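Following this line, the structures themselves.
Okay, so chain A shows up in both of these, paired with chain B first and chain C after.
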Partner chain A sequence: MFSYTFQWNQALARLPQMLEGALVTMQVAIMSMVLGILIAIILTGFRLSGNKFLNAVAVTWIEIARNTPALFQIYMAHFGVASFGIHFSPFMSLLIGITFNNAGYLSENFRGALKAIPETQTRSARSLGMPPIMAFRTVVLPQMLRISFLPMTNQMVWAVLMTSLGVTVSMNADLYGVTQDLNALTFRTFELFAIAGVIFYIIVKVINLGARLIAARLFRY
Partner chain B sequence: MIEIKDVHKSFATLEVLKGINLTVEKGEVLSVIGGSGSGKSTLLTCINGLEPINSGAILVDGTEVHAKSTDLNKLRRKIGIVFQQFNAFPHLTVLDNVTLAPRKVLGMGKKQAEEIAVQQLENVGLGDKINVYPGRLSGGQQQRMAIARALAMSPEYMLFDEVTSALDPQLVGEVLDTLKMLADDGMTMICVTHEMAFARDVSDRVAFFHQGVMAEIAPSDEFFRAPKHPETQKFLSNIRE
Partner chain C sequence: MFDTSISVNDLLFLAQGAWITILVTAISVFLGTLLGIFFGVLRYQVGPWWAAPITFVLDIFRSIPLLIQLVLVNAFVGIVLRLQISGFTVACGVLTFYTAAYCAEIVRGGIEAVPATTRRAARSLGLNWFQDMRYIVAPLATRVALPSWIGLALGVMKDSALVYVVQVTELLKSTQILITRLQEPLLLLTIGGLFYFVISFPIARLGGYLEKRWSND
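Entry: the complex of A and B
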């Protein structure tokens, strides 16, 4: 039989440290989402600009983000660019890697959402005297964000889970990094990672619940 | 006054407007009729500068719509347009649909914009729907909201593009009544329409478009009593059958 004896108390004593790590995880995820959404809007603009160069930039970004492992993207943001003498901290590398991934996926979602909004919406707004940017901001963007809301929620969940890949670039401040360090210290492997798993699970559940509440408030039509 | 001078307009190789000449005076109601694809919608979208033209000129109160120096956003404030599809902004309540442009484009305060919007909505019989989202409205109600939305900008001209064509027959009347009310108020209007009774009874003149050409234009009673162009006669007799 197993010779492993569970020692939950010893692991639970580390809970405060792990929760601090969870805060860093949330910080990375939220920052990567905010930046990712902004960049995704810009990439979508590139794709619709009709400019070949800008379109190529956006397509390349989106293709890499969606068709390579997230681990590869984070790795490149750390060790890859280091080959060219660019050194990012583990935190920055993780943030850049996840943001890159978010932007690629979200841009594709935004483009799909835009396609679902009839061209006549913009025409109507322009007919009322709105300049193009105002028409986009007041009429198109709100509808686009509604259509993209569920995919954005999913991406936020992914962003949280992707932070666990930070350990490969020596990130040790986030939940997964903290857990791994504590494991090296105490060898309460199962207990520690089980607690980390439960914390991840709760975070994701809270995100999904929060998203549902926000959606119910924002989208009454 | 809207002056249309020898306007030619093509989509790629397809010439859709083949030299249109037309003047609409202040206070006039003009109905435009004609077969599908004859260029009626295109003409309207050229008048408010949504579509470019290839040659000729369109002047609204002396301002050339397609001149580079023309501020189209400003010009469009005085030209309201309502399309066949309802084009309500689905994410905004009826009230917000109507106040959006006055507030954002004209910089009007919320209170004043809402007062005007409520007035316009009451005029078109939607006073009890102001806090509803357009998705809850019938087609006729959505179309009347679109009219109120355009009127809230206090336009001097109104362009209507088959605003009743997408409606169930029993809803056509309420929208036509709104147009008639507007005409009685002295609004300058160009109405592309398939409603012959409306064209005859409400408009001052009627124009017939055929394959990108304005084949005939006449005072409405004369137009229906004694159409001159053979294509007009054919079109009218087809409709009467």
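Entry: the complex of A and C
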């Protein structure tokens, strides 16, 4: 059928290396997600604070994160800030780029979730004597995180897929980077990347499944 | 810090890259939307069991990184099939299916948002399936789907930055080439990023406005 002979054995022999890469991919994705959620909460706080300067910072961050390619953000973290004499390792650049992106998108999700929480709750909390930050942390925040759980899952999937962009800043420890290096060694482009694709697919499915299990527990009421 | 060696020719080079970005985006969003509507209606029409294969294939486009999709298709076309197809065509083809995969989901959501009673009323007035789709479902579903579709189109524009991997010199790649030559990464990246921002920001705002306006009634 094809004049090309597939050599899956050669590619499959490299599977352990690729799985190690997949671990790094997961590591980057999880770290960027945790940091992203924390920063997104802070940005959301900035927007609620009523302080013009803090609000401007948050809006600028969110709009840049949402309106430029993720690849651009990673480039900026690697090549852009190098102009100021700050040099990040590829791993750090990738992490910073994805975290920046995550934080922007998540903060926008949180803003949507906040609309679903009645203003009266904050007011009741305040009239019970809670200081503003405590009212936000103990009353609003838990509900906000629960409402935006599904968008957060999507963002997690995005984070995993985005790790593949690390190769542009010469990151070679993640799944895509490892595959790229193996490709340079063996020239089994199709086979290697097909395997990488399957691994990515499985990771994404596992995330979706896990999210569904957690959601079942989270939304029992 | 503010003197630069960027020449008019370099800016033209960037403009050329920007044009490729717009071209790739326009072609894939147009074709991808048509395909997406087709798949979305098909999936809704044939029921969950028969739709399973379509759902599975479209899901693949949403579950593996675009970079890998591009490399795989490029390798398949070039190495396995030995066809002489330009990177531009490969990029448009992959992005078309990428768009279609997301668009089918949006279309399905739009169709499901049309109340069943409205459609039954249309059918009992004597409209056939096609008329029902054309005059009742399409206008109502468009209202629901358009904001998400705008988001999708902008997403594809941003993701088109990855087609450099099949040797298409779009905006970010031309920026990268100039950085290698001029060694002014911050300025050049800012110009490149600004271009995306200037296109994406107003359209995203329009999408948000439409969403707000159309959801209230």
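Here, the second predicted complex is superposed on the first by the 210 of 221 C-alpha atoms of A that agree within 3 Å, B and C clash if a C-alpha of one lies under 4 Å from a C-alpha of the other, contacts with A are read in each partner's own complex, and residues count from 1 in each chain.
Rule of thumb we're sticking to: a contact is a pair of C-beta atoms (placed from the backbone, for glycine too) under 8 Å apart; a residue touches a chain by one contact, two chains touch by 3 or more.
It should be emphasised that the depicted structure is a prediction, and the values quoted were computed from it without experimental measurement.
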Partner touching more residues of chain A, chain B vs chain C, is chain C
Practice item. Scan A:194 for contacts with chain B and chain C and give back first, second, both or neither. Key: second
Name the contact category of A:124: first (chain B only), second (chain C only), both, or neither.
first
Between chain B (first) and chain C (second), which, if any, makes contact with A:165: first, second, both or neither?
second
| query | Once the shared chain is lined up, is A:88 touching chain B (first), chain C (second), both, or neither of them? | reply | neither
Is A:220 contacted by the first partner chain B, the second partner chain C, both or neither?
-> first
### Task
Using the superposition on chain A described above, determine whether A:136 touches chain B (first), chain C (second), both, or neither.
neither
Applying the document's definition of touch, where does A:149 land relative to chain B and chain C: first, second, both, or neither? neither
Chain A positions within both the chain B interface and the chain C interface are none
So, in the complex, the side of chain A touching chain C is made of residues 2-4, 6, 63-64, 66-72, 75-76, 79-84, 157, 161-165, 167, 176, 189-190, 193-194, 196-197, 200-201, 204-205
The residues of chain C that touch chain A in their complex are 60, 63-69, 71-72, 75-76, 79-82, 154, 158-159, 161-162, 172, 176, 179, 184-186, 189-190, 192-193, 196-197, 200-201, 204
Note: in the complex, chain A contacts chain B through residues 118, 120-121, 123-131, 134, 138-139, 142-143, 146, 219-221
Touching chain A in the complex, chain B uses residues 48, 50, 73-74, 76-77, 79-81, 83, 85, 87, 89-92, 100-101, 104-106, 133-135, 146, 149-150, 153
